[in-house]
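The following blocks contain the structures, represented as structure tokens.
Both complexes below contain chain A, partnered by chain B and then by chain C.
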Partner chain A sequence: MLVFIVRRLIVSVFVFFSATALVYVMAANLGDPLADLRELPANRRENAIAERTERMHLDKPVIVRYFLWLAGAFRWDLGTDRDGIQINATLEDALGATLQLVLGATILAIVLGVALGVISALRQYSSLDLTVTFSAFVFFSLPLFWVGSLLKEFAAIEFNNWLADPTIAWWVIALIALLIGGFFASLLVTDRRTRLIAFGGTTAATAVALAVMSATGWFANPGLGIGVIALTALAAALGFSVLFSALEWNPVMKSAVITAVIGILSSVAFRGVLENPYPIVVIGLLVLALAIAAGVGWFVGGELFRRPAITASLCTAVATAMVIFMDRLLWSFAAYSDSVNGRPIATIGPSTPNYDGTYWEHNLDSLTHLALPTMALVLVSLASYSRYSRATMLEVMNQDYVRTARAKGLPERAVILRHAFRNGLIPITTLVAYDIATVFGGAVVTETVFGWRAMGSLLLGGIQERDPNPIMAFFLISGGAVVVFNMIADIAYAYLDPRIRLS
Partner chain B sequence: MAQTAQSAGTHTVTPGDPRPPADSDAAQGLDIKARTQSQLILRRFLRHKGAVAGMLLLGFVVVLSISSIGLGPIPGWWDKNYVNSADLVNRGRPTLSVVPEFLGGGGMHLGEHPFGQDNIGRDYFALTMRGTQISLLIAFITGVVATVTGTLIGAAAGFFRGRLESVLMRITDVMITIPTILFAAMVAVMWGNKGVAVLGLVLGLVTWTQVARLVRGEVLSIREKEFIEAARSVGTSAARIIVKHILPNVIGIIIVSVTLAISAAVLLESALSFLGMGVQPPDTSLGRIINEYRTAMVTRPWLFYWPGIFIIAIALSVNFIGDGLRDAFDPRQNRVRD
Partner chain C sequence: MTRFGTKSKLVAAALGGALALSACSGGGSSSDDDETQDPTTASGPSGTIYVANDQEYDSYNDTTASTNSYKNSMVNKWVTTGFWYFGADGSIVRNEEFGTFEKVSDDPLTVEYTIAEEATWSDGDPIACDDALLWWAQNSGNMAVEREVDVLDPETGEPTGEKEVQETPVFSVVGTDGVEDVTTPVCEDPAAKTFTLVYDKPFADWESNGPSNGYPMMPAHIVAEQGGFADSAEMSQAILDGDAEGLKAAGDFFNEGWLFQGAMPDAALMPSSGPFTITNFAPGESISIGVNEEYWGTPPGAAEIVFRVVPGTEQPQALENGDVNVIQPQPDADIKDQLANMEGVTLVEFDQFVYEHLDLNFDSGSLADDPRLREAFALCVPRQQIVERLIQPIAAEAQPQDVRTISPFQAEYAESVEYAFPAEYAEPDIEAARALLEEADAVGTVIRGGAIADNKRREDTWQLIKESCDQAGFDVQPYFEANFFDPDGGLSQNTYDVALFAWLGSPQVSGWASTFTTPTECSAEGKGNNNGCYSNPEVDDLIAEINETVDPAAQLPLINEVEKILWEDVATIPLFAHPGLLAFSDSVKGVEANATQDNFAASMHKWTVEE
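So, the complex of A and B:
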């Protein structure tokens, strides 16, 4: 294994260096970087041209310039752009914004895409499957810049207008309720009667909830409250213990429920601390919650159920923490909305310039700026994950070992989670590695649509100005990410699938 | 005896068939036809509803874009062109109406400017059709170039192994490292002003890596099969093995790759043109049109919708065709679970 990793590392480094050389030579041959200076009046022209020639080493051959850049890059000095501005400083600002966008979108797309793909594979040829497959095709064919502009118009401008008077028309309530009811009903595999009951129940509950929210102006002044937190936490405890064990009152469920109750109580106890905390306090509380959950799982689980109990408790703790976090964010929403003149969903830039607010308001500020670009990127890259995981899942479900697992009497949950899903996930690691390059490309387009000055503007500016250094800075990050992710995927693949020979 | 006589004329009954045909079987009365491999593939393809719908939609878009404004010097049936401007009618709103009068609509007619007019009064239908033609042309060239290059490199790497393979695959690795948008933007800036055909060609030359990996993987698995060993053992030349034995077995994956490459090319070209780096004036493409009128989204939304709808129509139909082809060539992927 070690030999394999080392060899893989050496090849990757070699490949990456070749790629930087290729990109540099191309970037240096894009055109004339002095074109704009040749338009200057004659008295300033000579000086300006001489200065830029000196700065960009235009008097030296391209190969020499490449090695000059490479020598600088080894010291993490990426040089200056053609006007003399340090690239390092520009890159540091740009990187943070782009990484937030890229990582958030990738993780969301993987989780949602794999979940949708697996569900539609388990309900092959049902109406749910057909809907998911068809939507995946449509999303797959959407031009990213077009979706981005549409979201800007409808999810931002129109939504902000609507928030001024947030009431929902009755037919919209009916439509949303029917859609959600239909989705839940199509998840069940039972007889027609149970399914109809599920459909009716979910539809009615959603409709009532939406009507109440609409009537009380919840959307302008949202929040969850202790009741919703408690319900969600207990539902999470129930769900995770069913997922990792079974639907019965065993130590796994006991420990998950205890964790949920501790979470609910501490949400009340820590209310003062969470008023306007330092980020480190929030992280500390999360770590504390995880430690408590692990402890509860350890002690309640006992010898027999220790592992599933700890897993279920940890998942419950994370879910509960997320709901509490959401709750605090939502409580701050009204104040935040007022502070940005009642237009909370932003369409330009990664954050409000010079914004001053509490911890929660700052988080809301980033989230409302990230929401639309992330949504656009997720919509477009979701499809490849859902289609791919559906295909691998279908293939795995047909394997002999799945039939064996069923034949020896394992419950369907264990067959799917333990035997099928785990093996179905293996090929997806490769897809993640490929996709990271696509997401970086998508980020360039998305940033242009949403007016972010980040990695995308570095690349596009460099190409328009025929300036190699910003292009190389973009490539160093995006190409580096591709190389690293590909390497991780290869190693993970070899680790996850022992059939792969390492020699 | 009767059984043997009956089944002798059929080709579909295989020795492994668990149920020997009985006299009472309904199939005995039916006409059982022998079908070649390509007939089977065609039948499976035509059974795929999405693929057939995709074929119809793509055919409609192609025929509409070529017949309406004509191709080059040949005039089409549409009486306006994409250069001349006219007076703005009703602020340039689209006059296309598809809701019949008895449903409360304006009746079914095209009107003077079915897709409306842009801010200087040019007919937007003609402009969109022009953009569709160019986008289709670039996508087709890019898709074919990418597939041919990728197939040649992937097949050579998979078949010959050894040093040639490692050199070719390292080249592929280097190209995969460079994000497509960066690579494509650079070649488009360098060669994009030489015309749309050249743009299509260079975009194809930077997007073949996926096909190469796919084909190489397929060739690698096929060249280990017994029938290749048998061919080799009787002294068949490498060229004949490739053409006669390997190519027919990878042709399915190659054809599917063409469709995937074309739909990716539509989106890549439109994204590049949107960023101002693809098609250069006086040529135009769907992405370029959207870029030109993106500020008009609020005042003249139709300038934004029509080109987008055509991009989606092309990409979606090509994707569906590709899916149908994949199912047709590789029915194992589509089997129903028991």
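So, the complex of A and C:
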């Protein structure tokens, strides 16, 4: 293994160096870096050209400029762009913005995509599977800039207009309710009667909820309230204990429910603290919640159920914390919306400039700015994950050991989670590692459409201005990430799949 | 609001969503402390106006060769001010709050500038002769210094460790027109409030040559402090002594010290001499200017103007959603329709100081030798049709531009057209063009029509010219090069017969003089702006005379005479002024379209916003 890593590293370094030389030469030959100055009036042209020539060493041959750059790069001094701005500072900002913009979206796309893929594999050829497949392909084939423009028009401009008087027409309520009802009914694999009941129940409940929200103007001034928090927390406790154990009143479920109740009570107790906390306080509270949950799991689980009890409690605690967090955010929504002239969903940039508000309002500000680009990125990249995980899942489900597991009487839940899902995930690691690597390259189109200045715009700006230094900075990070994560993928693969040997 | 450093932001982002969201936190500041002014009781500046800037601001000093671009000047326009700025139609508007100036003598041309008595930088230092001396040292460009640069091994390209010296200006400057002829120091006493520019020879554009909102005086006391001088009086003495070597450190700071290297330089280094001052900078996002409390003149209308980085194509939707309030998008028929249909948005169409024209090649090619062919070409170019088909969808009122050096929105335009424009070129006359061609026995003459590639409008323009001129007996062959403007491209190498491109117009004579003056040598380097190497001694003499005519009123007849000859020779064929679009939220008042490069920024101090 070690030999493999060392050999791999040495080869990568050589490949990477020759790649930098290649990219530099290509970048330096993109065109005339003085083109924009040549159109200046005669009296201003000469000085500008002289200054840029000196700054970019244009009087020296390309190979000399490359070694100049390389010498600097070894000292982590990436030079300046054509206007004299240091690339190191630009790169740091761009990388920070890229991680903010793309990392969350990528993780969301992975989680959602894999979940959708697994569900549609388990319900192969059902209407749910067909719908997921169809929409995944539709979104996959949409150009990002167009999705971006549509989202801006409908999810931002029209949505903000609608928020001024947030009532929903009866037929829209009916349509949404039918869709949600249909989705839940198609998740179930039972007889027609039960499915009809599920469909009717969900549809009716959704319709009533929407009608009430519409009538009370909930969307303009939202919030969850203690009732919804309690319901969600208990539902989470129930769900996680079923997932990690079984549907019975055993220590696992006991500890999860106790955790949920503590969470509900503390949401009331900490109301004052959460009015406008420092970020560190919020993180501290989360850590405290996790510690309490682990303790509850430890004591209530006892010898026999300790592990599943702790896991279920921790998951319940996180879910409850998230609901409380959500509730606080929503309570602040009206005030936030008011502070940005009643137009909360933004179409450009990572934040409202010079925004001054509470902790919650700042979070809302980031969220409302991230909403559109995240939606666009997730929609477009959902397909590759859901298709890939559906395929691997189907393959695994047809393996002999899955049949064996069923034959020895394991519950279906254990067969799927323990035996099928884990093995199905192995091929996806390659995809995920590679996609995380490309995260560092930013998202050129998304950044442009939503007015972010991140890695993609660094590259694009460099190309448009025929300026090699920003291009090289981009390449150092994105190319380096690809090399490193590819290696990580190989190692992880060997670790996860014992059939593969690296040496 | 607490601003965390970039590093912590990066770390936070890496840790994941929840933390990233808290990177910029308002923790601690309680929501009930109300800093904002109550608009009902406050009479001073109020409200925030968001402006779209499609590139990122990067320097407080936009007077150097490499920082002089609109992304910087739009922000700095009312931060560092001067004696004048360009009005909406390119006329010179005097900024009397900053100071006054007048011509006190014609021979030698002498202009006296008086800085307002109460004028001070926002850090309290009086604006005075020391600043003027620095401005003069920069703009006269007569001080050069040798700076060390790395010597490279010609074989490997590695730095050899040795240094070599190259001559560079101490203070980087955009252009030295006019001020280079001011060889006597503008003043002696660093604390004086008046200074004079004494020109060695008459200079036509003297009125638009002193420190302005566009090319302001920079704070000498800051440059002196950063350049290692005890005070600015000492630096003033060094400038008076012509001690270029001693000013080197000051020059280094002047040229690079005000660059925004991923963060705002110390605010103390960037004092304001206008109604606004730079208040905040978020890399990749925005730059903000707020009220300068120390300003001695009229306070601005808005309390804060924030320039957000928004790519051009995304600006209309950002305006509709209220993310920005003022945009100046690319003039395009679709964008215009989109903006015209928005509610709560005011759309203004205006002419820019940029005009599209055809440059004829007088040096080589098919039209170089016979004036009859050039006349025939001018007769067949469908100027009216080009404007109707390509420009009127954007600017309904657009008409062809009939003279080159005066734009349609300028007061003198009508008079100039009346005098100089030959009526036979108003509409294409195919018959007359054909007759001329037949007379010259040149039916079938090939015209290679060049333009930059990937510009739809220029491709369409050439297509319309081809349709019309082919009927007259020419064989028009349009071609489009990506490197058309490059030194190895068609325009420099004169491989075209007729070139189609735009010139930046200018209310200043010195802005266009070289375009029509006989070049020293007809080569890529020697011909300057006179791409076709047009030459007419009569025009040369007239331009020289205009350049030395200091009375603006006396310039016009001479300019008209030049225009008349240019039309007689068909030196170039002007087509139309570029249309511009300006759009802003109805809640913002006082935004004015401006034909010059100052654009809407010229009116920024008067903007107000309803809250």
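One rule holds in what follows: the second predicted complex is superposed on the first by the 472 of 503 C-alpha atoms of A that agree within 3 Å, B and C clash if a C-alpha of one lies under 4 Å from a C-alpha of the other, contacts with A are read in each partner's own complex, and residues count from 1 in each chain.
Methods note: contacts are C-beta pairs under 8 Å (C-beta built on N, C-alpha and C of every residue); 3 or more make two chains touch, one makes a residue touch a chain.
It should be emphasised that the depicted structure is a prediction, and the values quoted were computed from it without experimental measurement.
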More chain A residues in contact - chain B or chain C: C
One more residue to check, A:W249. First (chain B), second (chain C), both or neither? neither
Should A:D356 be classified as contacting the first partner (chain B), the second (chain C), both, or neither? second
With both complexes superposed on chain A, which partner does A:G31 reach: first (chain B), second (chain C), both or neither? both
Between chain B (first) and chain C (second), which does A:A94 come into contact with in this model arrangement: first, second, both, or neither? second
Which superposed partner A:V64 touches (first chain B, second chain C, both, neither): second
So in the superposed three-chain picture, is A:S149 touching just chain B, just chain C, both, or none of them (first/second/both/neither)? both
Just chain B (first), just chain C (second), both, or neither: which does A:T448 touch? both
For chain A, which residues lie in the overlap of the chain B contacts and the chain C contacts? 31, 149, 152-153, 448
With touch defined as at the start, can you tell me which chain A residues reach chain B in the complex? 11, 14-16, 18-19, 22-23, 26-27, 29-31, 124-125, 134, 137-138, 140-146, 149, 152-153, 391, 394-395, 397-398, 434, 437-438, 440-441, 444-445, 448, 459-460, 463-464, 471, 474-475, 478-479, 482-483, 486
For the chain A and chain C complex, residues of the former touching the latter: 31-32, 35, 38-39, 41-44, 47-48, 50-52, 54-55, 60-61, 63-68, 71, 82-86, 88-90, 92-97, 99-100, 103-104, 107, 149, 152-153, 156-157, 160, 276-283, 335, 341, 343, 345-351, 353-359, 361-363, 366-367, 448-454
Which part of chain B faces chain A closely enough to touch in the complex? 50, 170, 173-182, 185-187, 189-190, 263, 267, 270-271, 274-277, 287, 290, 294, 297-298, 301, 304, 308, 311-312, 315-316, 319-320, 323, 333, 335-337
Of chain C, residues touching chain A in the complex: 1, 6-7, 9-10, 13-14, 16-31, 35, 48, 50, 56, 58, 64-68, 149-150, 152, 154, 156-159, 166, 168-169, 172-177, 256, 259-263, 279-280, 282-286, 288, 304, 306, 308-311, 313-314, 317-318, 320-324, 482-483, 485-487, 504, 506, 510-511, 514-515, 528-529
